[in-house]
Amino acid sequence: MTSSSPFTGRDLLCLRGGRLVFQDLDFTLAAGGCLTLVGPNGSGKSTLLRLMAGLLKPLRGTIAWDGVALAQDPEAHRARLHYVGHLDAVKASFTCREILSFWAGVRGVADRAAVDRALAAFAIDTIADVPGRFLSAGQRRRLSLARLVAAPAPLWLLDEPTVGLDRASVALLEGAIARHRADGGRVVLSTHIDLATPGGAVLDLAAFAPAEDDEDGAEDAA
Amino acid sequence: MDGFLSMGGYAAYVWSSYGAAALVLVGLLVLSLTGLRRVERTLATLEAAKPRRKREPKVGPVPTASPATETAP
Amino acid sequence: MHRFANPARFLKIANAVLPWAAGLSAVCFVAGLYLGLVASPPDYQQGDTVRIMYIHVPAAWMSMFTYSTMAVAAAAALVWKHPLAEVYAKAAAPLGAGFTALCLLTGSLWGAPMWGTWWVWDARLTSVLVLFFLYLGYMALVDAFDDPARGNKAGNILLLVGAVNVPIIKFSVEWWNTLHQPASVFRLGGPTIAASMLWPLLLMAVAFQSYFFAVVILRIRAGLAARRVQTLRLGQAG
Amino acid sequence: MLRLILRDLRLVLRQGSDATAALMFFVLCVVLFPFGVGPEPNVLMRIAPGVLLIAALLAALLSMERLFQGDFEDGSLELLLLSPLPAEGVAVAKVAAHWLVTGVPLMIVAPLLALLLRMPVDQLGLLVGTLALATPLLSLIGAVGAALTLGARRSGVLLPLLVLPLYIPVLIFAAAGLDAGLSGLSPRPHLLLLGGMLCGALVLAPLAIAAALRAAHE
Amino acid sequence: MLRLILRDLRLVLRQGSDATAALMFFVLCVVLFPFGVGPEPNVLMRIAPGVLLIAALLAALLSMERLFQGDFEDGSLELLLLSPLPAEGVAVAKVAAHWLVTGVPLMIVAPLLALLLRMPVDQLGLLVGTLALATPLLSLIGAVGAALTLGARRSGVLLPLLVLPLYIPVLIFAAAGLDAGLSGLSPRPHLLLLGGMLCGALVLAPLAIAAALRAAHE
Amino acid sequence: MTSSSPFTGRDLLCLRGGRLVFQDLDFTLAAGGCLTLVGPNGSGKSTLLRLMAGLLKPLRGTIAWDGVALAQDPEAHRARLHYVGHLDAVKASFTCREILSFWAGVRGVADRAAVDRALAAFAIDTIADVPGRFLSAGQRRRLSLARLVAAPAPLWLLDEPTVGLDRASVALLEGAIARHRADGGRVVLSTHIDLATPGGAVLDLAAFAPAEDDEDGAEDAA
């Protein structure tokens, strides 16, 4: 994990479904930093996270890691990020351990101990051999979060990671984020509830919404 | 004239070919024209519905917004 | 090329071209129909059925031309994100489907007296049929998505994949032996007859081509207006 | 990539019925024709190669629809596209797994069904060879369609619409090869053509699939 | 219930291409057979009724898969089952909407395709009549299968497996009726049988569908 | 809305996927009451709500409304409840208003004004004519909640209704619940975050976990 390279977005403008979601948005995230995205429903938190992951492309502006735009080297960017979205990628017929080792394996970690550590980190080691179809909403989410710990990656992108988690699990997640940041990792997360991210920055997306009468920009661009 | 219409005994084939061509070409033209009329009418009503909001920023943000589309990656 | 990226500038040019294209098309249709139906003699082998050629061959050419331009537009849209390219492909698709349907129909109508059958499953006819279904598939695919941008993208990929079919149509008569004659129309009855059949054929070809340009401009205008309507609706709602 | 293939195979085995069900469909489909067409042996014999190929085609088509759907809906595909694997690699792995699970078993059963439809025994080798070229083609082409219709509204009916026209040439050349064999001619030119198409598809399809998968996640 | 039918029809119209796409599949499927079987007119004519019915069957089968799937996945079905409507009413409404959207247009196009396959003109009335009995049967039986496989792991391949055996009797009697007509015999007994099956299915299928839907939500 | 009939569960035992989820569970809910289900992930909150809705049947025990067991008159029970689960039943091609009027119509309310009121109650009247496909996670959830207001029903069963909602919307929901209770309605909801339900009861499902799984529960919570 390199420590000096900043992860930045400059002058971002994003359209979704032909509509302007946000504009003139900038962010910078140094190693060990945490950026919490807040804002009302529909303000573009999920959209920004997908931009950061490279799943979407901004209509204007660039996102860069250490000065290199994502579009120039998408493979390298993919190798360095973990994305946890609304969907949990839990297969009904695989056990928790099988699911986790597959995802660790995809990122090159074939180590059984690492998988066990990750299961323990989110207190799902007791249900490690239960198949996916029997999991409750919060258990699935915890399994999804365990991927973060199983295979290390410097950038975590978490879209409402606390959804469905009970309080004990929220505390586990806060701990995992703190350890990751202490190791020089960085985290971007969106949330509607309070999550302890000491020393982290907050980005309120409501501030970048297009002005009420500015919609002509969106029209022309579409 | 009769000889022209009977097409040397192949009237059915020749004239149905030309008939089909007329049908397809005129049909597409009419469909395109009515489609165009329809959207242009809805566009006109929509733009008429909110003229106040649109006029003011026309001076400012529009020039900066349209180059954005041209330099899109 | 990028000068046309701006819809407003495109519209200005297109509106200037439109009357000329429409006029040229009308003139060529009148002249071509007169020459083809009245002035030209029947072929000594095929009799009056040869007059089907003046529809069949231009329609066949246009079906391939339209698809090729759509495929180029698809590539432009995928690589350069050219905003007009997708509008063009969408506007041209129904026209291409129409031309292809005409080619199939007139071919069948010609085949019935000449080959004694409406249809055979040979390479030329099959590949044209596949082209027809590619057009239909493209149109169905493009508006099968909730997000129009997504539909356009899927459609573009399909257009590029289907582009392999165009050379197959073109060269099918040379690669496989089929009932369909190769590109030999000009040899049919010697050079003197060729001239009298060549003129109506070329006139009709120009007529089809300019008809295509005129109508596709109308359709592009409709496509651009529809986009504006959609953004206005969304802007109003949000 | 190998890991992905293995995982897909394991998924199929674990969830049981995929391979057997596609196969079952193939068998049922072939068995269906005598009902619809009547049991006259000479008619049946005459249409046997066509029926076998059409059944193989439909079996491939039907099993194709779920190829990416499951992974798309539960978010796995999103994660795979964000993994260090190239998208083309993901595409190849999924297609390979699909072929191993449907194409290969189908090649194994086809000779038996052909015997039931009274195909001559000396043509069975040709049948298997033709299927060995045709089934991967079906998988590759179908996967392009499946990727394109991902997230489309009526993918269940859209997919056949897109894919069948592209399947037609495969069907024609495979049937022509079998017919040539049955009437004592050399099937080589048709098989060579199929082989050429397969090579082309092996190069082009993964690119198209990868592009379509990326577009599905915009 | 009427509201539900209307909503389903509106959904189809709004989302555009369902009716046209199922129809398109039907047309494509009929067109496919000459490729596999060869273009000989007498063979084609001989198998025309069977081919038309099999194509109708497959079109129904394919469009069937999504019948409940969409509403199941987005939670609409759960809410419908929790609404004051009886579950049987929900089942009838969904089947009726499906038939209106696929069966009816199919009945309209079938005569045209039959002409292309050179069926005698005086048999077209019989063809439409047979389809008028067969298509609702296909919708009803298929809906039972669709409801049973709801939430099943490989519903895409499981559904044909469950439904095809039940479709076979429909296919047999419909084909027998058409063949009888073609060879100058009375198709009445076969049509009566089909009618009887339809009555039975109209009573039993909604019960079975409702039970299966409830089971899918346990 | 009758006011004296109690909604009760007695001695409930529920198996899920062959595993005991809870046992010996009782509850009573009078008119105007609110029951908040809490408990760690996998403790059976969603399961209990589906039991109350009649989607699942308990293996032992009965749930009754005014002394009549649900199994005896499922139609009447369905007519009196609203269920909001994890899924939002939002069709991509219908607008918010169309979706809402359909669901109101299914419950016999064909009144356009009622639908408009419901849209306003969750602040989605501004996007009433936007098709479902363009909604963000929180907007969909608000649309789903608006069903509660559009067609009145005495019993609301809400499974983690606050998931995805921004703070303003959570306040709107609290208001809607309070009004419903003031009118004599009753509410059962599950949640992991704090929701103001003045005078409501809390049912901690951890207390009814089967004995031998107790240690698992403890680990889960840790």
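Letters are used for the chains, namely A, B, C, D, E and F, taken in the order the chains are written, and counting of residues starts over at 1 for each.
As a working rule, a residue touches a chain if its C-beta (ideal position, glycine included) is under 8 Å from a C-beta of that chain, and two chains touch if they have at least 3 such contacts.
If you're wondering where the values come from, they're calculated on a predicted model, not measured in any experiment.
Among all pairs of chains, D-E has the largest number of C-beta pairs in contact. Taken over every residue number at the interface, the positions common to chain A and chain F amount to over half, indicating a same-residue contact. Computed from the mean C-alpha positions, the centre of chain B lies at a distance of 38 Å from the centre of chain E.
Note on chain placement: the centre of chain D and the centre of chain F lie 46 Å apart, centres being C-alpha means.
With each centre defined as the average position of its C-alpha atoms, the distance from chain B to chain D rounds to 41 Å. For chain C, the set of residues that touch two or more other chains comprises 121, 126, 129, 133, 136, 140, 144, 146-147, 149, 228, 232-234, 238.
The residues of chain D that reach two or more other chains are 15, 73, 153-154, 158, 161, 164-165, 168, 172, 218, listed in rising order.
In chain B, 66, 69, 72-73 are the positions where the chain touches two or more neighbouring chains simultaneously. Per the touch definition, chain D reaches chain C in the complex via residues 144, 148-149, 151-155, 158, 161-162, 164-166, 168-169, 172, 200, 204, 208, 211-212, 215-216, 218.
By the touch rule above, chain C contacts chain F in their complex via residues 146-147, 233-234, 237-238. Within the complex, the chain B residues that touch chain C are 4, 7-10, 13-14, 16-18, 20-21, 24-25, 27-29, 31-33, 35-36, 39-40, 42-43, 46-47, 49-50, 66, 69-70, 72-73. By the touch rule above, chain E contacts chain F in their complex via residues 3-4, 7, 11, 14-15, 73-76, 78-86, 217-218.
Of all residues in chain F, only 92-93, 126-131, 133-134 touch chain C in the complex they form.
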